[in-house]
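Paired with chain B in one complex and with chain C in the other, chain A is shared by the two complexes that follow.
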Partner chain A sequence: MKRKNIEEGIFKILSAVASYSIIAILAFILLIVFVKGFGALNLDMITKTPKGGFYYGGEGGVLNAIVGSIYIGLGSTVIAIIIGAPAALYINVHLIRFKKAQNVVRYFLDALWGIPPIVYGAFGFTLMLYLGMNASLIAGIITVSLLILPIMVRSFDEVLCTIPKGLHEASLALGSTKTEMAYKVMFKQGFSGFITAVLLSFARGIGDAAAVMFTAGYTDLIPVTFDEPAATLPLAVFFQLSSPIPEVRERAYASAAILTIMILVISLVARFVSHRYSKSNIN
Partner chain B sequence: MSFSNIDTMTEVSVEQREINDVSSTILQIKDLNVYVEDHHILKNINLEIPKNRVTVLLGPSGCGKTTLLKCMNKLTDLYRELEVSGSILIDGDDILNTSKNVPSIRQKMGLLSQRPYPLPVSIYKNVAYGIKLKGIRDKKLIQYSVQKNLEEVGLWDEVKDRLNSPATSLSIGQQQRLCLARGLAVKPRIILADEPTSALDPISSKTIEELFRRLKKHYTIILVTHVLRQAIRLADNVVFMSDGAIIEQGSPDELFNNPQTDKLKEYLVEGN
Partner chain C sequence: MYLRRRIIDRLSGTWMVISLVTILLLPLIIGVGLYIKAAPVFEQHTLTELITSSNWAPTKGKFGFWPFIAGSLYVTVLAFIFSAPVCLLAAIHLTQYASKKLVRIIHPVIDILAGLPSVIYGVWGILIIVPFISGYLAPLFGQNTTGYSILAGGIVLAIMCIPYMLNMLMEVFKTVPMGTREASLSLGATYWESIKHVVIRHSRPGIVSAFGLSLAKAFGETIAVMMVVGNRVLSSLNPFDPGYPLPALIANNYGEMLSIPMYDAALMFAALLLLVIILVINLFFRYLIHKTQKA
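Let's look at the complex of A and B:
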């Protein structure tokens, strides 16, 4: 009995240390970016575009990068939903009797998920040159959509896997076709999970640097059309951090703080929406 | 369109069915075999289900009752591992081999599962779901049908003030009656009930049993159960299964008072 109590105590302490370590890591990251970027954190950072260039200029803000990131995040998320939602439903509805085909599709999706973003960036760059395009918002959107597509499909897939078979049966028994079952029942049942997947994919989209480095380019301006280059926050951090001017490097940390806050807000919204829809998903 | 037209529009009316059928066969199963890889789980099933009767599929757990029920409306499509052969005829259509629209054949058979699976919509929309699938768009007709079917299962008075609440907010017993109302709303000819009281408390179970007694005037009910007493209370026709095969079938009196096989005798002794 005494030995069991000791084992129980050790396991509890190890679990607690592991859990609090994760929180500590997040707190440490926030602390570093806020402390180092504190001097540059002001309203101008989120309301103005850079003055004097992003590499040497110590004035203005990163509104260009905030807007560019949101454009790329939104555009790529929309494309990924349009392709990803039907794909996930297809795997779980029409391939339901074909286990090998399901496994092959899931294997490829997992493999795509594991490919580093820089490879997507290189692929997007090649595609961009092949199509005769310049570094632009649309090239960034397409590349990031390729990056987040497997994440979204597999997340949707996992949500659909949790839907009980009894609900499939109930829907079919009422006279649904498989497509009606997919869109009228499974989609609604998994809606809160889908929302979470979409928001987390969006967060992944706005936070990636490597995929947009060669494809979206960088500019001090806010893009007005799809074929103009677009700045992004991760690249703003990257370029400002490599500047020789201390004030600009400080702005890099402020940019990182803004990006981190955006990701945290999206995560909180995802949790809130997921919780709300799981409670009142009725209409 | 008047409310009185809804039955004729959706399917054969209840009254018409009563006139037409006095225990002739509604469903015919021929040479049905089901395999899961090398396991033969339904063995050469031949069965005729009489109209407007409660046919109870009785047998020990794992004997193939639920699989047989799932074959009847081709829900075996959802199970990748099942290999099904044979034929199941309803109104001349072989649901296992038909080129016709399977969803419309499925609508002839309402399903009540072991535990209720309300759709992730409101109480109202649960019942309206199947009606809309039949192509009915008239809101008043749908409202009428929703009310009528909720009344039929004795749920209307309990939910009429909260029709827009989530179906999952109901108790399990109410959810099961909602699922029955939802199934009845598409005007099925047969109700397939797979141990529908197994997740319910005794009071809710009794309510469902009373409903079945009332509904059998208008519908053919195929009830899977391993509760012997429930079979005795409800059955007009009993099919005893064991190890994937039909061992005996006949009236409750024949089977329960004069069992012919050792397997049934043993089951009856253990069941009591």
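Let's look at the complex of A and C:
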């Protein structure tokens, strides 16, 4: 056999190993988190807030953190929709004839995506001090919404930019204003992308720890108003894991399993929904 | 009726512009906000002093960030060394050799890996990587360690980089025109030779950008690294020793920073430094991608 064929063979195997190993890594991570987590998971974990002595192995659960995370996820997603969706539509409706402007905007959005959550967290913290607020649900929501905005805009935009230009022109020719075209035609046609963007942002909002660490605080109670602090699931994992008591550490694994399940469910729903809604699109 | 439609159009159009401009100005707003908070620290120290000094004693007003910057660089470089070859090979396999079925499976796998929260990687690192290093790897090299080390941080970070880097590399390889590869094949080159000499050469700027952007991503990663890296100021270049990256420093000390004078300003400076470094890297490599995509 020639040398080059041997080389080909070696690299073919190596590269196949590399790509299968990525699937294996995901399986490994999920397996460990679930095996460890389900060992400590019980109904109390998801239905009760921490009772007295919870952090020494006492009774209770992490309902406060689950609810807190969902509140922050929902609140920040709503803000991100209100600001992000119009921005994405603007890029694809008003800027459609200005290719260069579109490119510049997308370029900056991509760069924004790279800013790490801890920087948003630090900024949220300074903003909070500036406004004289304490660590609270609303501070967490605002900080996380800044974090997920670029994700929201860019992933909605990804789908909007594939919509054929003819649809656009047809709607204008029928006498619609740009706004009507944006919301009644483009938004509907890109609905699958919108849903994906929303769910992606929501998942990010639930899972992020670095941004809420400074801003949302931590509490054993479920927040009732916006100015109360809120616990979050990633921080619940983090804090319980740093405890020296084995029972508490076990609960951290259980909380991690809960968080992973939530993220997996959101990701599955996103796939399913985006598939379903893109079926009825005009191509 | 017509007037109403016009007014709605005008209002909504204005809101769209405001939204977009706000988002685009976000890095500037964040930068200025952090700078205002960090300003007191500049009054007593110069920028070079802050970045290059190793003297870290917040209670005495000494803020030398070099050990933390070095710690960040160290874990980032390790993560890059571990993840880059795997991602490059996997991206080649997935775009050039792999069956459609495998590619269909790999996309959700990448999505889920990218979507898993940082803290989950941290938990996994504590459960698997840390004991593995202290129990097997370190004794193999005759080292004694708790496992919470630069190396653990590097490995966890490498895995977190994979979905990001792989996705970008696959995008890059997909843009190589089929024709150039076929031309090479028809001249008698093997598949691998065509990949090596045509596909990789053609996508070199893209590969460099993907690597650069992943480095930037790794540099700012906080929670997962902080959970496994040991959080002790870097003292040697031994990867089995603990380290203290910049993001971990910020996250660990936000509680006490208000009780020590200047500490909050110094930490906000650290956040500003992170922002600037990462934004510059991002802008540079994104520009490279945009430029090559046009060509």
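Keep this in mind: the second predicted complex is superposed on the first by the 247 of 283 C-alpha atoms of A that agree within 3 Å, B and C clash if a C-alpha of one lies under 4 Å from a C-alpha of the other, contacts with A are read in each partner's own complex, and residues count from 1 in each chain.
Just so it is clear, a residue touches a chain if its C-beta (ideal position, glycine included) is under 8 Å from a C-beta of that chain, and two chains touch if they have at least 3 such contacts.
Bear in mind the structure is a predicted one, so any value in this text is a computation, not a measurement.
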| item | value |
| --- | --- |
| Room on chain A for both chain B and chain C (clash or fit) | fit |
| Which of chain B and chain C A:172 touches, first, second, both or neither | first |
| Broader residue contact with chain A after superposition on the shared chain, chain B or chain C | C |
| Chain B versus chain C as contact partner of A:188, first or second or both or neither | first |
| Touched partner set for A:180, first chain B, second chain C, both or neither | both |
| Which of chain B and chain C A:164 touches, first, second, both or neither | first |
| Partner chain(s) touched by A:151 [first = chain B, second = chain C, both, neither] | neither |
| Contacts of A:98 with chain B and chain C, given as first, second, both or neither | first |
| Chain B versus chain C - smallest C-alpha distance in the overlay, whole Å | 7 |
| Residues of chain A at both interfaces, chain B in one complex, chain C in the other | 177, 180 |
| Contact footprint of chain A on chain B as seen in their complex | 70, 73, 75, 77-80, 103-104, 106-107, 109-111, 113-115, 117, 119-122, 125, 129-130, 133-134, 164-167, 179, 182-183, 186, 192 |
| Residues of chain C defined as touching chain A within the complex | 5-6, 8-9, 12-13, 15-17, 19-20, 22-24, 26-27, 30, 33-34, 36-37, 85-87, 89-90, 92-94, 97-98, 102, 105-106, 108-113, 115-124, 126-128, 159, 162, 166, 190-193, 195, 213, 216-217, 219-223, 227, 247, 250-251, 254, 267-268, 271, 274-275, 278-279, 281-283, 286-287, 290 |
| Footprint of chain B on chain A - complex, ascending | 96-99, 164-177, 180, 184-185, 188-189, 191, 280-283 |
| Contact set on chain A toward chain C in their complex | 4-5, 7-8, 11-12, 14-19, 21-23, 25-26, 28-29, 32-33, 36, 82-84, 86-87, 89-91, 94, 103, 105, 107-112, 114-123, 125-127, 129-130, 146, 149-150, 153, 177-180, 182-183, 200, 203-204, 206-210, 213-214, 234, 237-238, 241, 252-253, 256, 259-260, 263-264, 267, 271 |
